[in-house]
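Chain nomenclature is as follows: A, B, C and D, assigned in order of appearance, with residue numbering initiated at 1 for each chain independently.
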Amino acid sequence: MLKTKEQFIESLQRQKPEIYMFGETIEDRVNHPLLKPQVDVIGLTYELAHDSRYKEFTTAKSHLTGEMVNRFTHVNQSTDDLIKKVQMIRMYARQCCCIQRCMAMDALNALSIVTHDIDQKHGTNYYENFKNYLSHFQEEDISSTCAMTDVKGDRSLRPSEQADPDLYLRVVERRDDGVVVRGAKCHTTAAVPSNELIIMPTRALRDKDSDYAVSFAVPIDAEGLKLIARSVTPREKREIDSPFRSRWGVTETLTVFDDVFIPWDNVFMCGEWEFAGQAAELFAVYHRHSYCGCKPAVSDILMGTATLIADYNGIKNASHIRDKITDIICTAEQMYACGIAGSVRGKPQGPSTYAPDITMVNIGKYIAGTHIYEEIYRVHDIAGGFAITCPSEKDFKNPETRSFLEKYLKGRADISSLDRVKAFKLVEDLAAHGFAGWLMVASCHGGGSPEAQRITIYRGYDMDTREKIAKCLAGIDDFKNFPEFKP
Amino acid sequence: MLKTKEQFIESLQRQKPEIYMFGETIEDRVNHPLLKPQVDVIGLTYELAHDSRYKEFTTAKSHLTGEMVNRFTHVNQSTDDLIKKVQMIRMYARQCCCIQRCMAMDALNALSIVTHDIDQKHGTNYYENFKNYLSHFQEEDISSTCAMTDVKGDRSLRPSEQADPDLYLRVVERRDDGVVVRGAKCHTTAAVPSNELIIMPTRALRDKDSDYAVSFAVPIDAEGLKLIARSVTPREKREIDSPFRSRWGVTETLTVFDDVFIPWDNVFMCGEWEFAGQAAELFAVYHRHSYCGCKPAVSDILMGTATLIADYNGIKNASHIRDKITDIICTAEQMYACGIAGSVRGKPQGPSTYAPDITMVNIGKYIAGTHIYEEIYRVHDIAGGFAITCPSEKDFKNPETRSFLEKYLKGRADISSLDRVKAFKLVEDLAAHGFAGWLMVASCHGGGSPEAQRITIYRGYDMDTREKIAKCLAGIDDFKNFPEFKP
Amino acid sequence: MLKTKEQFIESLQRQKPEIYMFGETIEDRVNHPLLKPQVDVIGLTYELAHDSRYKEFTTAKSHLTGEMVNRFTHVNQSTDDLIKKVQMIRMYARQCCCIQRCMAMDALNALSIVTHDIDQKHGTNYYENFKNYLSHFQEEDISSTCAMTDVKGDRSLRPSEQADPDLYLRVVERRDDGVVVRGAKCHTTAAVPSNELIIMPTRALRDKDSDYAVSFAVPIDAEGLKLIARSVTPREKREIDSPFRSRWGVTETLTVFDDVFIPWDNVFMCGEWEFAGQAAELFAVYHRHSYCGCKPAVSDILMGTATLIADYNGIKNASHIRDKITDIICTAEQMYACGIAGSVRGKPQGPSTYAPDITMVNIGKYIAGTHIYEEIYRVHDIAGGFAITCPSEKDFKNPETRSFLEKYLKGRADISSLDRVKAFKLVEDLAAHGFAGWLMVASCHGGGSPEAQRITIYRGYDMDTREKIAKCLAGIDDFKNFPEFKP
Amino acid sequence: MLKTKEQFIESLQRQKPEIYMFGETIEDRVNHPLLKPQVDVIGLTYELAHDSRYKEFTTAKSHLTGEMVNRFTHVNQSTDDLIKKVQMIRMYARQCCCIQRCMAMDALNALSIVTHDIDQKHGTNYYENFKNYLSHFQEEDISSTCAMTDVKGDRSLRPSEQADPDLYLRVVERRDDGVVVRGAKCHTTAAVPSNELIIMPTRALRDKDSDYAVSFAVPIDAEGLKLIARSVTPREKREIDSPFRSRWGVTETLTVFDDVFIPWDNVFMCGEWEFAGQAAELFAVYHRHSYCGCKPAVSDILMGTATLIADYNGIKNASHIRDKITDIICTAEQMYACGIAGSVRGKPQGPSTYAPDITMVNIGKYIAGTHIYEEIYRVHDIAGGFAITCPSEKDFKNPETRSFLEKYLKGRADISSLDRVKAFKLVEDLAAHGFAGWLMVASCHGGGSPEAQRITIYRGYDMDTREKIAKCLAGIDDFKNFPEFKP
């Protein structure tokens, strides 16, 4: 089923999750002014699945049922699916920077491989659980996210070594009908507008840590599940100020599992510690692949904003402006190139599942996490001081000051002062206030930190072949032993 | 006279400037919760001038009177004065990032040279005006700032070519007793807590633009002077959240001159268009010299914050952490090196005035404007996601959520969760919210944009000597003509 | 026909081109010790076309005849052809850094489009000439290169404005049977081991410069054609020193056309000045696409060499070594990603011809030209001082010094001193001597300078869409007008 | 005594050192065509000590005798001495890139501190030895270098753990009259034109490695001392090609101590392992300080060369050219700023000795080692392909090719082709051939690798103060405990 946005919102309203934010208890997550803009982001994925211009990207044919489903519920079947996923994400993110519905999709793709691998080794039944869950997920067009990062406590210690054993999420009781879990996941984007959550382990584990090797799905209103949220939306809806955040929002939650019961049907891993690392890495591969779509879109928005300001200032075609914009283009398209090439070089892995190329998507995400700062710099550089010194919309409405603002904030004669101010306010909103912090930190740490990508890139690379090449060229080994090329 | 902080505040209270902010008219700039943190910043410069530990930096001997005056009112007399100025600024900025009182000092130093040069050519009396004004400024220990940047309208047009002739500040009437000026200066930092303003032209001018060649001093409560302000301080005072901005604040103003009368005694330039560029450049040189003191202090704060988080996470000595911190150290000390070397290479210019080396201080400011982004990146990189996902202090006070936050936001076992949260909140406040935007844009554009520094660096450099060296080495010119070294 | 290496060499021997180098006249280009290593590079492309492991990449099916031809003579028919081309080039370049046979292939692909476009407008017969020439080229498996860059004289002047009109190649006489051309092309790589040359215009032209709008093919031994060459091969063949350049060589020539006659059948453009820019740009697109294959291979060699040294020094797994190698991996695979994505996003252009995506391949080449310096740095950084201070192989053979070298140049106990020295000599040869200079400058300027890529990237980019996005997000335009996504 | 260049050369001729190079035994180091250019470099330091324009830098007043001595034999007495040293080195290096006489000076300054410190702890007599040696060194105006870097074998093992105990230089016999040493130092610059060598330990040592803690001076022709050299000078003297290396040369040697006897008077450390690290670090501090003078001069030469080419191509004032040159200026003056600021912040250390600031000079050297690659890039970028494709001077002399070269290598009409070619040849010589490799690797590794500088910078930095600042700003510690500023 392809839900409509209205059906999606109704589905949210049918659930009663326990949400706290800024000291309040949130009763109505759909209409709360700080949360509605996030519901609208997810809502977009329901709207555009019915838009004929985008159906090629936004929907896909389920390998389980043959029905057309929302691509956010789809397991990739080919390199073409992988390419379309990247394109879909760039399309959505051009509107809202972060479409927020990819985490669950990426987790499902990872589970499609890992559950099967565990079953192969342990004779368990996880892959069947997974397929059943996926059928339900596709049929109901579930809104979901993946809660992965544990709070971690002392970073120099492993899970079972922590002073408090709950600093990584763990199974505290195993029952006939299911398990009880305790702990907290942090940095969970988009739990608030979700119907369900998918939980994944956050790192490779040792045998002593087997209680921490747990993966499952859970409804957002399960008993004992508590979301402590933080939103980037400003408290007051604005007309001129904060134009981006007045439309689109994001929350992260500290997602607390205060002894939550999970029935066995919803469990995808429980104790098989040797697969925790694989699960975490596969999620990371899929999610870094997603970044190769959304981060170019962020660049699209940033370069468009910078160009708009330059245009309104009358210097759009100055060579130093073009030069700076070119830097942003290069960043955008390098990331996208990694997404496309990572898709083309994708390979089947596990049953009915395609995974993208590890090296390519890690490089794409690495660029995202390290270059966002230069992009922000370029936007600041082009926009100038009004990014932080432009008076507020209230001053525009104040009759004592309005005429002075209209007179003195004028740029090019043919552009109204108000439009120019709106452009500055967009710069401020995207690049010089709370959302900018979110954008930078999420680019840096979302999907794993740059350090994590570097380690993965080196570890997965065939360095032996390169060292053999050097030996042949140095005359240490015979040139006849030159290693064969694998494309 | 060295005023105390109390005397300074009283002096502010005796004036009634016209200030607007966020739609309101501000009646009490000293006690308004959004403005008091900025008054406290300037207040620091009055407090520490009486602190025996810092007197060497914070005070200086007036060349006019031989009295000890606040160094922020002093005209540099030697390379030693220039060094002490840089040190003073680093000292202050370690507390508050931007001490906000240097603009007026830098403008006065520039005027000490330019007024004399104009008099030499035109037989005017500006230098006398300047000295009298400086005596008053030192004696009264005036709080002031420099309003320089015009609003500029269409950037591709010169002042007199703009559709509205007021888009650069200009003289609209010349009277026997003084002049009347109209226009607006933007990005004026610290006008709100000032007693007076010093106005400088923003760029080199041509003869057609002579009405725009105007420099003067004006009391903050002069008739027709209007400040439309924007503050970075959050609306509510916090205990845990926003620790930096709850203590220290900054405002910028759109500073409107709605036909303001300036008596001749306060005028330092009026129509001598050929000196406008020199005035702007000299201010820039002194102000970029100031940046060589404050920006290393910002780095001190950022690296300290990042180290603190790493420490609380238990990974302070990890090699990748040390590596990233080292990058920030290098940035900090390169800027400081430019400040010190720029002072040592300073030269006397005009009567009783020393100016720092143009090349060095421009490079120092250029590093500041381009490297702040990498510094912010390193802080994010080390701090991790809690920089943007940490719940608010209100959730800490909410009994429904407090215990979960205390349990799950724990890092190293020997550090309280609350202290760790405070450290994350400092990261958020400095590097991932509104002040971060201010910090980045102010580093980039304050004292002129990186582009402006690059142009100044090239233009002021003796490239001929280098080209001659190359000719001698290539054998195009005889090696006997190798150019003499000037240290 | 797929020639063998022997047949290729015979074909060279049948021609008598006029070649000068280092003051000598070269009689035997096949066996001259400074030139043979370059003939061997081109020879490799004939050898491996018969190697079953690589036939998929090294050969292709001609769209003219349906026969299998060497891929270096092929016009791309699909995105798959474009991908295979990139893979082929990476395969070859892993052995020899620069396979040197791609220029002619890239020129032919460009001509396949341009000749047709000219005919469409002018009713000329160039496309027929082109197809006939291509049939001959494929059938004879011609070794060729493209001579494109004119010597250019004063760079601030256009061709016809130069003091000497011959500083760009031009038609000096038009006859019934053909044209006579005069001028010189510079930086021509691989003219020496070529059977024929393909000449292309170097830039966009105006109508006054129509004599300079000329493209044609010419045998290497045509009367009046003179090659003044420079080789990177060292004068003496070595066993330990210069291991790379003792195997593989490259020459560039100043290619002088001292009134050379070209029959009409070999002419592909003559006077149609408005197509000169297109021809130059299309060649650039194809050739920058080639760089996306060879430059990753150079990185393969450099990272392999650096790892080998680190291994022999006993520190291969040190974290800072892995970190530096990771930088080279990222550079390599970013360029390759641009090649793959640029192929996938390729489009049909003109009859029976596919062209890669302009933006992607320009970014790939741009990375190549700007990152080679960091790669060289990383190799130096890892290799240490012996890259430049290792005594020569003659000292190894001198009984007075041999034992000291064997004793003191020892690294890890299980590796012979001689092998370690060979590894250092490879570093020196690739990264710290004449070939390093070639490698850096050729990466930077080959296929056009980084500046040229930046201009092309900006000019070809759809910035309007991005600016519209910004307007919608700022609220300047209605969100309903959000521009449609084109993948 | 201030020797003349002639006296210096005579002093070299009176000694008979054992030198090998490229398989030969060198009999006459003064006149050998591959070595004379290096003797001329050192000779410059004797010539210009008599040049009245430079005496302020090139000479200094001995603190031992009060006589004027060559500054290269001087122990720094003040911050002014430190500044003058940096200026002297920049002056010399503008002519020859590397003046090669600073190593011994830097070693002597280090020994002036370390010998005294050892005596304080152990009651030894090394400082007296040192002072006597320094008197002789100043009086005889000795040409010397410091041999420091051991060959090191397996880098993962300490000296005494190596399979061969001689892979670090060590004392193999202690006698009444002196010690016998065995081992080899590598990368020794300028041993060939030296009268004596000063030997320093290369790293911190443990007690088991006490035999390796040895420092001494030794005449270049001591029995058992063997120099196996490698020169960058080309084999044939050129007129157009290699203009730089035809004038100035450099050699490094593998400096073998095949059981060399050192009398006690020349010994400065012998077994006091706990001071080896200090000695190595102090030498590094002084030598990195030297780099702050020579590397800006290399930048002077490179930017001059690039500007010259741009000038001859007619594009000197193009904005992208100025932009690239500006990057080189910034690098140059950042390094120089570190040298000047490192001098001003210098402190007395040990008796009668001033040492520069560790942080500043390490940053200066770090910039040198990491930015040379960007400087080379900029030179290539501006110079274009002729940096590697320009035919040789022999082709200019060949009547068959001369006229074509003169015609087609013409740039701006008013500049002769030959002068333009000379400029390209300078680019090739400095930036694209063997000397470029030397320049890059020597910038990177000379005075220690960038990694070494990073470690030193972090280790020597007062991070505690910064962490305390953060605690005060976060509200974790009381603001009253804000740490005091130390300038």
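Keep this in mind: contacts are C-beta pairs under 8 Å (C-beta built on N, C-alpha and C of every residue); 3 or more make two chains touch, one makes a residue touch a chain.
Every value quoted in this text rests on a predicted model; they were computed, and no experiment measured them.
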item	value
Most remote chain, CA-based centroid, reference being chain B	C
Size of the rotation, in steps of 5 degrees, that lays the CA trace of chain B over chain D	180
For chain C paired with chain D, centre-to-centre distance based on mean C-alpha positions, whole Å	38
Geometric centre distance via CA averages, chain D-chain A, whole Å	51
Residues of chain B engaged with two or more neighbouring chains	320
Partner chain D, residues of chain C touching it in the complex	20-25, 149, 151, 153-157, 162-164, 166-167, 183-184, 186-187, 226, 228-230, 232, 252-254, 256, 258, 313-315, 320, 370, 373-374, 376-377, 380-381, 384-392, 394-395, 397-398, 400-401, 404-405, 407-413, 428, 431-434, 436-438, 440-442, 444-446, 449-451
Contact footprint of chain D on chain B as seen in their complex	53-54, 57, 83, 87, 90-91, 94-95, 239-240, 243-244, 247, 300-301, 303-305, 307-308, 311, 322-323, 325-326, 329-330, 333-334, 336-342, 344-345, 359-360, 363-364, 366-367, 419, 422-423, 425-426, 430, 454, 457-458, 461, 463, 465-471, 473-476, 479, 482, 484-485, 487
